[in-house]
Every structure is written in C-alpha cells, then in structure tokens.
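Here subunit A shows up in two complexes: once beside subunit B, once beside subunit C.
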Partner chain A sequence: MIQYVIKRLGWAIFVVAVVAVLVFLLMNRVGAPAVATLGPNAGPQQIQDFKRKNGLDQPLAVQFAAYLGVVPCVRQGSRAFKDHPDDPGYCGLLQGDLGDSFTHNEPVARVIAHRLPRTLLLGVLAIFFEIFLGVSVGILAAVKRNTWFDTGFMATAFLGISLPTYVTGPIFLLVFAFFFGWFPVGGYGEGFWDHVYHGILPAFTLAIVGAATYARITRSEMIETLRSDYIRTAKAKGLGPSTIVVKHGLRNALLPLVTLLGLDLSLLVAGAIITENIFAWPGMGALAIQSIVGLDAPTVMGVVLVFSAMVQVGNLLADLAIAALDPRVRLGNEPS
Partner chain B sequence: MPSTPRTEAPLKKRLVGLSMLLVVAGLGFGGYSYWPAMPDAPRWMGAGDDTPRSGGTFVFHHESNVRSLDPHLAYDELSGMAVRLIYDGLLDYDYDSNLVPSLAEALPSITDEGKTFRFRLRRGVRFHPLPGLPEGRELTAEDVRWSMERLLSHTTGSPGFPLYKAIEGAEEFHRGDADHVTGIRVLDRYGIEFHLTEPDQTFLNAMAMTFAYPVAHETYERWGDEANLHPAGTGPFVFDSWERGVDLRFSRNRHYWRPHHPGPDHMIFQENLQRAVAFMRFLNGDLDAIHRQTTPDYLLIKGAEAWAPYRLEFPKASVAGIGMNCEIPPFDNIHVRRAIAFAIDRRGWARARAGRLAPAGQLLPPMIPGYDAELPNLQVLDLERAREEMRLAGHPDGLDEEIVVLFGEGETSRFYGELLQQDLARIGIRVRIRQVNFAVYLDQTGKPHTVGAFNAGWNMDFPDPSNFLDVLFNSRSIHPEHSENRSFYRNPELDRILDTARSETDRERRIAMYRHANDIVAHDAPWAFTYYPMSLEAWQPYVKNYRPHPIWSQDYRDVWLDLPRRRASRSLFGTGRPRNVAATLFPFGGLR
Partner chain C sequence: MDPRAFRRFKKNKGALFGAFLVTIVLLVAFVGPFVSSQDPNEQYRTQLLTDEGVPRGPMVVPGHLLGGDTIGRDELARLLHGGAVSMQVAIFATALTVLIGLYVGVTSGFFGGLYDSVLMRLVDVLLSMPFLLVAIAINRVVDNPALSALYVLLGLISWTTLARVTRAKTMQVREMEYVQAARALGLSRTRIVFRHVLPNVLGPAIVIGTTLVAQMIIVESAMSYLGLGVQPPRASWGSMLREGQEMMAHAPRLMLYPAAFIVMAVFGFNLLGEGLRDAFDPKD
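Showing the complex of A and B:
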C-alpha cells in the first residue's frame, strides 16, 4: 500500500510538473503582461520597471529556472532579491514561493490562500448536493423501477447531464434569485452563514451535472444489488424493506460512487471556473479567469498548480478509500 | 403468420401515466403563459424627502477591475473613478466642462504671456489619516510641490509625465540631472507657482487631471511600493479596503473641506461584475447605479417609461474608427484609405447596434471645440467615390490579398469586424478578423511596421482638441514601442498647425487651427472614422444629486441617498406589472 501511495504521489508530481511547464510556456508567449497590468497608457519607464521588478527582462529559460527555484531569483521586486541584490537568494517553487501576482501586488500564495477556502466551500456544498440529490433519486428510482417515478426522474437526470453550467447558471440566477428572490443575485456575502446562503445557488448549479450522474449510477448499482442472492436471503429472513435497501443494498452500491467522487473533483474544478464567474463568486475560478485575461502569469501558474494538485490528491484519496471499503480491491502489486 | 402478441400495460396504469403527462404539460404551458417579463419599473423608491443628508451605503460596479489607486500611475477610467473618491485636485470641471477651482481658492492668475500660473490653496484642507498622524494634517503648497516632483520623477515612471514636461526644469529633473524642478516654486504655506518654458493652453487641463492630485509624502515614506494599497488624499471618501478583483470600500470623510457635503456613509465599488448580473442586481435594488448594459437590457431600460426620470443617454467624448498603418501597403496609399472611409456604412452600424452609437465622419466629437459641423463629406458612405478611389489607387477590381484587421476581444468587437467585412466586400476588399487580448492589441499596434489595420478608439482625457489630434496624429506620438499614433501617420503640415495651436492664446484662432487640423485628418484618412459611442446610465430613484459628468466617468462624489427606501409595489416585478401570478405565489423577494 505504502509503495503504491509513493508511486502515485510521484506520478502526481510528474503530472503537476508537466502542467507547470506547459502553462509557463503558454503564459509567457502571449501578449504583453506589463501593458495588461499597467494599462494602455503606461509609460516606457513604467513598463521597464515592471519588467525588472518581475524578472521579465530575463531570457525565458532563466525565468523558468528561477521560477522553479534552481537558479537565483531574477525578480527584483522579490524579498530574496531586495535583501541581497548582489547575491540574491532563491525564490521559486522549490522554496515554496509561487511568485508575486502582477495584478494583486502581493504574493500569489497569499492571494490563493484568500481565495481557495471560498472555492472549497462551494465545492463542499456542491458535493453535498450531488450526493444527497443523486443518491436519493437513484435509490428511489431503483426501488420504484419501471414506474413513472423512475422514468420521470431518469429523464430529468438525462436533462441534467446534458445541460452545461453556463446554461443552467444564468437560468437559475434569473429564476431563483431574480424573479423569485429566494437567493441573492450572485456575490459572496459577509459572515460564514451568509457565504453559505450565497453559495447555495452556484453550488446547486455546479452539482446538477454530477447529481444526475450519481442518480444514474446509483440506480443501476442498486438494481443490480437488489437482485443479489444475499438480498433475497435478507428478504427471506423477514427484514424490513428500508433495512434491506439502506443497510444491505446501499452499502454495496456505493463503491462505484467513491471512484466517481474522486473523478468528480476535476469536474468541480472545471465547473467552478465557469460558475464562479456567472455568480460573481470571488473564488479560485474567478481568479483564474481574471488572471488569464490580465495576463497575470504567476497567478495563473499558481491557480493551475493548485487545481492540478487538488485533482491528483482527490483521485489518490478515492483509490485509497475504495481499497479501505472493499477488501477485495488490492492496490499496486500487492498479492490478492 | 401470427405476430408476437404485445404485452399491454394495465388500463389503470396507462391512465395514470396519461394523466401525469397532461399535468406536466399543463403546468409547463401555464408556467410559460404566466411567466413574468423583466420588470420595467423601479422596485424601490426613496423616502420622499428632498433635504440632502448623509447616511446609507452606495453600491456601484464595473465589469473590469481597478489597476491602481496611485494618482501618479492610474491612467484608466476605472482607476480614475476610485482615485476621485479619495483625492481632490487643485482644479476640477463643472457640468459644463468648464475648469473650476477645487483645492485652489480660485483659478490661477496667469502672467508672463501665459507662461506663469500662480495658485492659492484653500486653508484648512486636511488629509485623511496618515501614518503616524491619525487625524491627518493640513494640505500645504509644499505637498503640491512634493506631489508634482514625484509625478515628474523617472523613478515613479508616471505615464502622465509628457503632459507636464512644459514646466521649466521638468525634463532635467526627470533625467535625474536636478534635485528639484526649477519651474515649481513654493511662495508661502498656501501659494505655489508653475513656470512653463513656453505657453501651453492645455496646462490647466493637465493640472485638473488626476495625475496632479496632491498626495501625502508620509504615505509613500511609510509604505514604499505598497503605497498604492494605502491611499490617503483630501477627497470626500476615505479608503477602507480593497480586495483585488472583488471590491473596494470607502467611508465618508467626516472632515471634508467642503462644508455641507452630505453623502453616503459608505461606498462599495464592486469589480468584475458581468453586465447581465449587474443589471439583475440593479433591478433588484442591490446596485444603486448602472452604466453598461447588454443590448436587451439597454433596450429594456431605454424603453421603460417608469425609468425615464432616473436614466440619461448621452454621447461620450470618444471616437472609434478603423486605424490604418500609413507605413504598410496597401494603407500607405491614401486612395486605399479614402476608399475604405467611403465604403463604411456608418448609419448601418448604428442601426445594427440598436442606436447605441452615433455615426462619425471626423475625429473630434461634437462636444469638443474644433468639431466641424460643416465638414465636407470626406468620410461618409459613398460607394461610387469609394470605387473611384480604388481605381486611383490602381486596384479597380479590389485588392488581390485579403487584409487582416486587428480587433479586441469579445462579441461586440467581432460584430464590428463582421460589419466591416460586409462593407468592404462591396469594393472588393476581403477582410480577415483577428481578435486578440487588449494587451496584445496595444503592444502590437504600438510598434512600427507591425499591424496593417486595426479597430481603433480613443477616450478623451480632457475636453480640448489637442487631446485627440496631438495624441493620435502628431508625428511626435510615434515611438519605437507604445506609439499613441498607431497609424504612424506623418504630416509635417499637421505637426506645424498642432504645435502652433498648442501655445496660441487667442481662443478663436486656436479653435480655427484645430478645425483645420481635424479636416486634414478626415481628408487623409489615417483612420476611417466609424462612430461616437453613446452611454446610457441609470440610477435608483432614491439616489439623489447624480447626473453623468461630461468629463469624469461614474462620478458619484456628490450623491446622497433618500433613505429609508420603500418598495414601489407589492409585486416582485416592479410597479409596471401588478397582475403577476408568480409574484403572488412567491412573495419571498419582499423579505430582502
């Protein structure tokens, strides 16, 4: 198991590193970040200062090596450079430094630390809705299979899978926030419970696609499980229907959902980028878009690295959870 | 052979299914029929008391984000909006675009044939709390000198420097050859004098720009590079906080120098709010003013009678056109440029944009002195003349190669590109639209021999024709990088007229020179002018003392709120639609 975890972590680091290289090259080949940050009327001196401050006056290879932290810092605005301009220290990823945001004028790590909890809150709410709605509907559809209830909900689930968040988001905003006034028209609010209140609609939007998938998988797994011999035995023993469904059926049907949950993280991350912008939710997704539009390469790099690390960790945790839940599953080269 | 018998569902089950289907269809149809339209009237009204008073929170927005709160560096519309809440200038503009004193007691006395400007500062003007000075301190002439020297210093790198380099000794100081600017002299605690090397009729305009707003040296000494995040001026609002990309917060300056200046206790400036969301928030009463809309929202607010007292549509002091690089073929040929100018159907563009723009046939907008109402039809739709110009250019059948035109991002830019494609196809010019990020656009169009044609635009800094003509078409605005003269148009005669006009003290003669310069540009067509944008602003009925300012965008410094606001109707959907089924069924919005 430990060997497997180490191997997976190594793989995760490799994937994140590849992502870092690609994004760095892409972001540094596009446009003029100095003009994007300082505005169309920035003077030549201002632009030159900006480039020096952020190390953009250096060759791309040097910039990247410094970003990784394998050569001394080239960002003249960084603490490492300011403290020892003649012999600057290192200020890269290996030193835990994600650089300074062009637009936020502060370290990327601090910007992300500020924004990440908001996206996590949205993610947690979305996962809650996904599981709650998806599993409940899936169980009911399985128990009432081939009835109008089953057909109706599965058709709705199909609709849910088909509708992307950039369609459902504005519709929900218009209907539930604007016309009915049940929720605020976007934003984040002030205070934890207000954040939760503001987060319900975007989280629900984010959860729709996942909930529909959960419902379909739960339904098919439950139908399969409810046909098993041990369920028949449980019925023969005279157990009540709810005990049979929840205690015996659901437990076995949930295993594929754990795998789905791990994969779901990447979908939530991708969805958050769109949803946060629709609902003006100031999290990582909104930060990603603002940074890309503003050619704020260090922030884009930071956001992408955090997102890709989250996805890798999510997948790993899902694998480990499956192994813990099902003794038949063996990880890596462990003998079965 | 008998067919396989079908398994029939029991009759009862089929009936239930059919009933369910009918119910769903009925609900759907009913819901659709009674689905409310967008509200066409304000949901909230004021308390009905016209006595100006302080209190409440004013919330406004923009779809982009503020770049800087440092007056010496901020040079974009949004940043200017925020800067003007915190800072004041020596001079300002009234609603007729006239220069008026602000921190100065009066307009300056001008002597020495228009080269010396002497200001007297108001007494008792205080800065907001400063590092080590929680009560702030009084603004003095020394602060004005310090601020101007910071603006002019090369270490600041202010984009505003060129506007002030006529001050004697400014260039030497900028180069680092002098410790102080010789042309700025502090006379006493409240008196300061500026001496120019030559008369410059735009100097007072420059002094009214946000670059020249006095700042406190304590802020920069304490915060260094981060002073931008701790702004402290003498303006009507004190800076509270700024979460980049999300919102800026301000509180009313209770020690503001202007007596009896009521205003909201707090201001919130929300950044990066999409237009559609902002509009919904505005109709909901969550935003107090709105200034940019999607086309459907624009048409709704423009057509709603109930909003008429709380909206204003006005032409902006801006101009748009298709810029052509006069150094790159085929645009180095004046006849090709003129052909393009004759081929653009400006009225068609205005119709296609639902009337949100006014056709432009010359550089200067109508509200700027020098606009020529009698200008001969140099830039109007005239396909015969367009084809004649193409023949004179040696391309009677059009161009063999397609031309690439650079546009900014977004659907609207794309739309303009498509309109241009249609128009130029009629004279045999095929257009390829290339959309790029704004920063890429600025970078590439600012370099010589790089971009052939581009969608161009200019927003005025101050209401003087030189701010259009000198910036966009004087050959001095051409640089190896970041040229403001992006069409790289060089005309010695135009340069001479502009240079003379800049220092001409006789207003009539000066305006006549700019009118002539404006005609030359329309004739030579470095830009094929397309339109002057219109702007529609709306505000809530309880927002008082607001009207769009001709110079400053979204200038909310003088608003006050008639609170407590009250719901205009029990209906969620405004006063215009009282018979709303959904509103009756779902009265939850009333709780907000």
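Showing the complex of A and C:
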C-alpha cells in the first residue's frame, strides 16, 4: 500500500514536471512575454531592463533551473537579489518562491494565495450541488424505474451532459439575475455569506454536467444493487423501503461515485476557467485566462502547476478511497 | 456494416433524433454559407443598428432575415458562416484525432513491448494535463493562428482515449485464433493489420469519433468564447455567444441563437454516438 502511494506520488510529480517544462517552454521560448507586458511602444532599453529584472536574459535552461531552485537566482528584481545583491542564493520552487508576476506587481505565490480560496469555495459549492442533485435524482429514478419520472429525468440528464457551461451560464445570468433579479449579475461580493450568495449561480452552472453524470451512474448502480440477494433478504426481514434504499442500497451504490469525485476535480478545474469568466468571479480560472492573454509567464506557470497538482492529488485520493472502501480492490503496480 | 446493427440503429429513437439533429447542423454549416448572400463581416450600421446602437431584430429590415448583431453585421450570415467555422474545426480535429488514435492504438496493441509502454506512458501524461489551459496557452503564443493551426492543435492533444480503446481491442483480436492462423499461414503483418485487426477496431473508433466531434465543438466554442480560439472578425458560434452576452439586456436573442446551435450540435453528436454504440455493441 505505502509502496503504491509512493510510486503514484512519484508518477504524479513526473507528470506535473512534464507539464511545467512544456508550459515554461511555451511561454518563454515561443511567446514573447517582455513585449507583451511592456506593450508595442517599449524601447529596446526598456525591454532589456525588463529582461534583466526577470532573468529573461539568461539561457532557457538556466532560467528553468533557477525557477525550480536548483541553481542560484537569476531574477535581479527578486527579493533574494534585493536582500543580498552579491550572494542572492536561491529563489525557486524548492524555496517556495514562484517568482514575481509581470502584471500584478506582486509575487505569484501571493496572487495565488489570494485567488485559490475563491475557486475552492466555488468548487465546494459545485460539488455540493452535484452530489445533492445527482444522487437524489439518481436514487429516485432507480426506485421509480421505467416510470415517466425516470425517463424524463434521465433524458434531462443526458441533455445536461450536452450543455456546455458557457451556454448554461449566460442563460442562467439572463433568467435568474437579469429577469428575476434573484442573484447578482456576476462578481464576488464582500464578506463570507455574500461570497456564497454570489457563488450560487456560478457553482450551479459548474455543477450541471457533473450532476447529470452522477445521476446516470447513481441510477444504474442503484438498479443493480436493488436486484441483489441481500436486498431481497432485507425485504424479507420486513424492513421499510426507505431503510432498504438508504442503508443497504445507497452504501454500495455510492462506491463508484467516490472515484468519480476524484476525477471530477479535473472537470471542475476546466469548468472553473470558463465559469469564472462568465460570472466575473475573480478566482484561479479568471487569473489563468488573464495571465495567458497577457503572457504573464510566471503567473501562468504558477496557475498551471497548482491546477495540475490538484488534478493529480484528486486522482490519487480517488484510487485510495476506492481501495479503502471496497475490500475487493487490490492496488496494483500499474500507474494508470 | 452489419445489417443487424443497422436494424438496431433504425429502431433506436434517440439515435435517429441524434442523426436528424446532426443532419440539420451539417446542412446549416456547410450548405448555409452558400445560400446566404450577405457578407458575414460587413457592417450595415445605418440599416441594422438603431440610433442608440441597439441591433434591430428579426424580420425588420428586408434582406436581413435575423436582423443585426452587436455591431451591425448580418446575424444570419454570421450564424451560417460561424457554423461552418465551428463544424470545420470540430470535424477536421476529430479526423486527425481518429487517425492518430487508430495508428497509435493499433500499432502499440499489435507490437507491444517497449514501443507500447512508451506510448502508453505518453497517453497517461497527456491525459493528466489540464487540457483546456494547455490548448489555450498554445493557441495564444502561436502568433495570429490560422484556423488549421487550431484543429491540428486539438487533434494532437486529444487522441488519447481513442488510442487506449483501440489498443485494448487490438490486443484482444491479436490473440484470436483466426489471427494466429493468418500468422501461421505466413501472411505479412501489414496484411493482418489491415484485413483482421482494423475491421474489428473500426466500430469502437467510429463510436468514439462521433462523440469526439461533440467534445471538439465544446472545446472550440469554449476557446472562442474566451476570445482565444477562432480569431475575430471571423465568426464562430463560441465567439458569437460571447459577443451576444454583452448585449444581453437589449437583445438576448444574439446570445440564444448561437447557444441553440451549439447545444443542437453537441446533443446531436452525443445522441448519435450513443446510438451507434448500442447498435454496434448491444451487450453494453
């Protein structure tokens, strides 16, 4: 088990590293961040200063190694340089330094620390909606199998899978925020409960595809479980229908949902990028797009690293949870 | 195609509805631009915008059936041409994806060994990447990307699922007795792959390919919605949705038209894919 976790963690780090190298090359080799940040009117001297300040005048390999924190700092504008100009030391990932944002005038780590909780709030709300809606519709559809309720909701769920967030989001905005005025037209609000209030519509938008998937899986798992022998035994014992469904049926039907929840993280990440842009929610997704548009290379790197790490951790947790809950599952050697 | 599969498909109402939607969308996207006489990028500010700059609605100005868009271009022409762009990207990207996926899947399943391991690890890496972010980042740094760059990009990063499925199927077929027999007869590898392996993996490939078109429409529209896909002034359903959203208060229809087409296309291809899956593989 422990060996497996270590192996998986190693693999996760490898994947994140590959993504990091790719995005680093993409931003710094293919793109031209200096020109993008300073604008088309910047003179050569200005560009030169910017490059020196951010270490962009160094060879790419040195830049990347310094970014990782395995060779000394090359960014002359960094805090390490300001404190000890003669012996700057290291200023990379290993030292917990993600560099300075080109556009935010702040260390990337601080920008992310500021933004990440907002996206997490959105994610938590969305997962709540997904589970609440998906599981309850799935159970009801399974119990009332082949009635109009079942067919109707399952058709809706299938349609739900085909509704991209950038379609549902603007429509929700139009209907619930604009016509009815029940929710604010985007933004983040002030104070925790106001954040939650502002987050309901985006989180609901984000949750639709997931809720539809959960409903479909819960239904099919539930139908299979309700057919098994121990459910018949429970009925024979004279247990009430709700006890049977909740205590005996649900517990087993929920197993696959745990895996799904882990995999959901990557969907939520992708969804957050779009949803946050629709609802002007100032989280990581909005930051990702802003920094890509502005070729703010250090911020893009930071965001991509955080997102990739989240996805990896989610996948790992899902596999571990399944192994813990289902004694039949033995974790193998294959990282998959 | 197996006649029984075709019969099963014909009986499946959902699949037929999907095929119907797909036909409409394809007609709109590929025949529509030839029918419409208007230039999708030309502005008719005086005719199609009111003095306050609000676009005029459908059936108001003769010759402009759906009225104007946010800056006075012909909405119908933009919808039709935008559809051509969206579907073109989706279909070419899918075609490329299917080609790469089939090639990687069949060869790595058939030959196995180190070649197979390396490719499957590559699949793992690609699958764990934040797909949308990487696609957007690549498209951003390619200066002024052409439409073809967009579908090559999408094709190059999305062949993973298809490769996995065809690989598994190939490995199954490889062990079949008739393949062993073909080997014993001394048939060449190429012949075995084309005569025995490919026909068996083609079914799943078509099914996945169909749902992939839906995925590609979603990704392309998402990128264009964010302003980082198809470049303006060229229309695409995704970018039209974004532009329409800005005028939500005055003309919600500008947002709803492209939204309806996107949903129709995605829903249609998803239904069609699901129907094909049931038709090819009734056990599932």
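As a working rule, the second predicted complex is superposed on the first by the 326 of 336 C-alpha atoms of A that agree within 3 Å, B and C clash if a C-alpha of one lies under 4 Å from a C-alpha of the other, contacts with A are read in each partner's own complex, and residues count from 1 in each chain.
Basically, contacts are C-beta pairs under 8 Å (C-beta built on N, C-alpha and C of every residue); 3 or more make two chains touch, one makes a residue touch a chain.
Here the structure is a predicted model, which is why all the values come from computation and not from measurement.
Clash or fit: subunit B and subunit C on subunit A?
clash
Applying the document's definition of touch, where does A:Thr37 land relative to subunit B and subunit C: first, second, both, or neither?
So A:Thr37 only meets subunit B here.
Touch check for A:Pro117: first (subunit B), second (subunit C), both, or neither?
Neither partner.
Touching A:Leu295 in the superposition: subunit B (first), subunit C (second), both, neither?
both
If you stack the two complexes on chain A, which partner ends up touching A:Gly10: first (subunit B), second (subunit C), both, or neither?
A:Gly10: touches no partner chain.
First (subunit B), second (subunit C), both or neither: which does A:Leu287 touch?
first
After lining up the shared chain so the two structures overlap, which partner does A:Pro241 touch, if you call subunit B first and subunit C second: first, second, both or neither?
In the superposed model, A:Pro241 contacts neither subunit B nor subunit C.
Examine A:Gly189 and indicate which partner it touches, taking first as subunit B and second as subunit C; both and neither are also allowed.
neither
Going by the contact rule set out at the top, does A:Ser162 touch subunit B (first), subunit C (second), both, or neither?
Touch status of A:Ser162: second partner only.
With both complexes overlaid on chain A, does A:Phe178 touch subunit B (first), subunit C (second), both or neither?
both
Considering 39-47, 75-83 or 129-137, which region of subunit C has C-alpha atoms that clash with subunit B after the structures are aligned on chain A?
Stretch flagged for C-alpha clashes with subunit B: 39-47.
Which subunit A residues lie in the overlap of the subunit B contact set and the subunit C contact set?
30-31, 170, 173-174, 178, 277-278, 293, 295
What does subunit A use to touch subunit C in their complex?
Subunit A residues touching subunit C: 11-12, 14-15, 18-19, 22-23, 26-27, 30-31, 158-159, 161-164, 166-167, 170-171, 173-174, 178, 266, 269-270, 273-274, 277-278, 288-289, 292-293, 295, 300, 303-304, 307-308, 311-312, 315, 335-336.
Mind listing the subunit B positions that touch subunit A in their complex?
Listed in rising order, the residues of subunit B that touch subunit A are 16-17, 20, 36, 65, 67-68, 73-76, 79, 154, 157-159, 161-162, 225-226, 228-229, 243-246, 270, 272-274, 276-277, 280-281, 283-284, 286, 436-440, 442-443, 479, 481-482, 572-573, 582, 586, 588-592.
What residues of subunit A sit close enough to touch subunit B in their complex?
Listed in rising order, the residues of subunit A that touch subunit B are 30-33, 35-49, 77, 101, 103-105, 111, 114, 148, 152, 170, 173-174, 177-182, 184-188, 277-280, 282, 286-287, 290, 293-295.
Using the touch definition from the top, list the residues of subunit C that touch subunit A in their complex.
That would be residues 124-125, 128-134, 136-138, 140-142, 214, 218, 221-222, 225-228, 238, 241-242, 244-245, 248-249, 252, 255-256, 259, 262-263, 266-267, 270-271, 274 of subunit C.
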